[in-house]
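Labels A, B and C are assigned to the chains in the order they are written; within every chain, residues are numbered from 1.
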């Protein structure tokens, strides 16, 4: 079963090679079949980790730390699962229209990106994570570039940001290696004892990843890149790609020992996240274009995730009290729920925005009048995903935010609670602004543009995902039990 | 003051001056020229720090291929368009200088405190002990193609991906519309005839040498790319594939590496596990394929940067 | 301070210098140069760490990582330059069609 780990990386890479060699039509068929198979493989991994615990493999049979280890604990499995499910649905969506893909090279670039995402989630090695992150970065940039000349400047800016983030990360890896002479994350964690070097390395790597995750105020590259990308690309970027760099932050903070200065860094990161939640949501409210609004929403939602650091770091420091440990556990599972909820809801929202833009020939809010009556299923998808993002019960995001509120109270950091509430209200507000444009009926019938036909799967795929994001709130216990598998928090008091 | 110290001082000064000029000299052309100098000085630094493999790679890849890419770009547009400036003229440079100085102090202080681990512990000595098990006798090659072969596979994927994305900027993802220099070649014919065989020979030697001493597929591939680019600039169009053979040439390295993985799994050995008597041969064969593919990839990156003949639009999918 | 320390600091200096220039310049092509300088600085830190661990026999793992880093940097540079040239061509064509 441990052969599955490397397969989740090397099979999509091989499929990418095949789709790059085949003519467009055949490449599309192969791409779709492989995407569905990968989705199934991800479910298999999650079931396996959920039932029999952490999976590990050493590539080439070279013992760690000489060789490179792959490791799937609960968090890895959850991220691979999210990537698999969203990836499969977006692939179905992408197969519905050439314009949504942006070009014939969509399939190879997307499959390489998928391989890179799985590689990040399964890596147990600091340098392997760097190479995998480059695969993700270049893949994401390549997909944005498929958006044509208008998107190229945004793609270029994204490239500079992504590579700069990787360099900061690599410098941190250099410092860790100087201290420990190992690249294996677990071994490094055992050998490190904190101190100035460790805080510096952790800060460098966190800044690098925050840049790629678009943490406020390092977010300016995201809205043009995510909104300028083709319809099938934007959901991949917002739902999946930003999560990979956030995942690395989590791995580092939970895998390497904290130090005296770490809480200050964690608090700073939390404050930036909180400012981002409010600020980006306000900016989203003022947008005149739907995709741009959804992109700013991603900057806001990413802010919540970073609240994990200030809430969990006190619990990781030895000796932690029971209250701190409780806060850490609640924050951990709350953020995991938010990551999944945002992944499902944001991909559904971006896909529905893409479908609307395709049918109306524009994503300007003023051009979407009458969409509620003319494309009810798509408007409903948009509304449902907005409700999921805002965190209304019984959605998964509600479960996540509820746990974060409890974590904030347990940690004695009540000041995050208003951020969570205000952020939710603002999410409602911009979702409503988007919906209001779709509800507006034009005064004269001839103001309505003639709708271009869209493939049925471009309506159904996002709707199913949005419903899933609502329904998963009811089954959150099973889902969140998964992230406890192999977690360092299990050993806390 | 010893001779070694003086040499180090000269080297550090040379790095700082060439980097500073590459970054801050007015004008694109001068910047690129200074960057080429910087690359050559760096190669000396790597050799000084006991890293001959890195020195070779720097000379061939970073200074050679990157230099060719930058020079070609700057030749197309020696000047850039007008720039938008925020705030007064002196403000941003001042902020940059202050932030930069602060960062250097902070990071430098931390870096000086980092390690070093006790000699004899850590990964370095382990690699030296285990190199003989890998099928090659040069430790760096053992790390790249045995112990950390998975990293190298993903790295080949990064290079291949970069080429595929660049191709997506061209119509139908092919390069036939990029004109090759004809009779009015910028490179003298005699030079091409003389240089190319020498370069190709050098690439072959580097490839084979890599198993026992500094060298290997990446350095060899970069040299090969240099030869292919020279040939194309010398008027031999077919040197760099642009049509039907373009994608196979670019993808064959990654495909071969992946196939090796699939075969090892199918044989029940596990991903990328090489068996005892054959591993040296398999690694050399893989490196040979990688050399060709890396050479093709880098040469294609060069060609694909150039302006296509007519119409700049990308092809829509049928 | 040992000779290894000198090059370690030099690497940090190059990384910061390149990053600052990358952020401050508006010229895409010079950003690519700055990115390469910053990348070389980071790689120099790795090579210096290898040297400091044992000047007689530097750590070959780090040398292998630096080789990987160099190949990744040239891939990024090739892609970035192709995009820069395309963006500038498009700008030029737009200006030409305006006049």
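Here is the rule we go by: a residue touches a chain if its C-beta (ideal position, glycine included) is under 8 Å from a C-beta of that chain, and two chains touch if they have at least 3 such contacts.
Just so it is clear, the model here is predicted, and its values are computed rather than measured.
Farthest from chain B in terms of Cα centroid separation is A. Looking at A-B and B-C, the interface holding more C-beta pairs in contact is that of B-C. Centres computed as Cα averages put chain A at a distance of 28 Å from chain C. Here the CA centre of chain A is 31 Å from the CA centre of chain B.
Computed centre separation for the pair chain B/chain C is 12 angstrom, with centres defined by C-alpha atoms.
Annotation for chain B: residues touching 2 or more other chains are 107, 111, 114-117, 122-124, 127, 148, 151, 155, 158, 161-162, 165, 169.
In chain A, the positions touching at least two other chains are 127, 131, 134, 138, 141-142, 145, 152, 171, 178, 181, 183.
Under the contact definition stated at the top, the residues of chain C that touch 2 or more other chains are 12, 15, 19, 28, 45, 49, 52-53, 59, 61-62, 65, 68, 72, 75-76, 79, 83-84, 86, 90. Across the interface of their complex, chain B is touched by residues 1, 3-21, 23-24, 26-30, 32-34, 36-37, 40, 43-45, 47-55, 57-68, 70-79, 81-86, 88-93, 95 of chain C. Remark: chain B residues 4-5, 8, 12, 15-16, 19-20, 22-24, 28, 31-32, 35, 38, 42, 45-46, 49-51, 53-54, 57-58, 61-62, 65-66, 69-70, 73-74, 76-77, 80-81, 83-85, 92-93, 96-97, 99-100, 103-104, 107-108, 111-112, 114-117, 119, 122-124, 127-128, 139-140, 142-144, 148, 151-152, 155, 158-159, 161-163, 165-166, 169, 216, 218, 222, 294, 298, 301-302, 304-307, 312 touch chain C in the complex. For chain C in complex with chain A, the touching residues are 12, 15, 19, 22, 28, 31, 35, 38-39, 42, 45-46, 49, 52-53, 59, 61-62, 65, 68-69, 72, 75-76, 79-80, 83-84, 86-87, 90. The residues of chain B lying in touch with chain A in their complex are 106-107, 109-111, 113-117, 121-124, 126-127, 130, 146-151, 153-155, 157-158, 161-162, 164-165, 167-169, 172-173, 247-248, 251, 254-255, 258, 261-262, 265, 269-274, 314-318.
Contact residues on chain A toward chain C in their complex (touch as defined above): 127, 131, 134, 138, 141-142, 145, 149, 152-153, 155-156, 159-160, 163-164, 167, 170-171, 174, 177-178, 181, 183.
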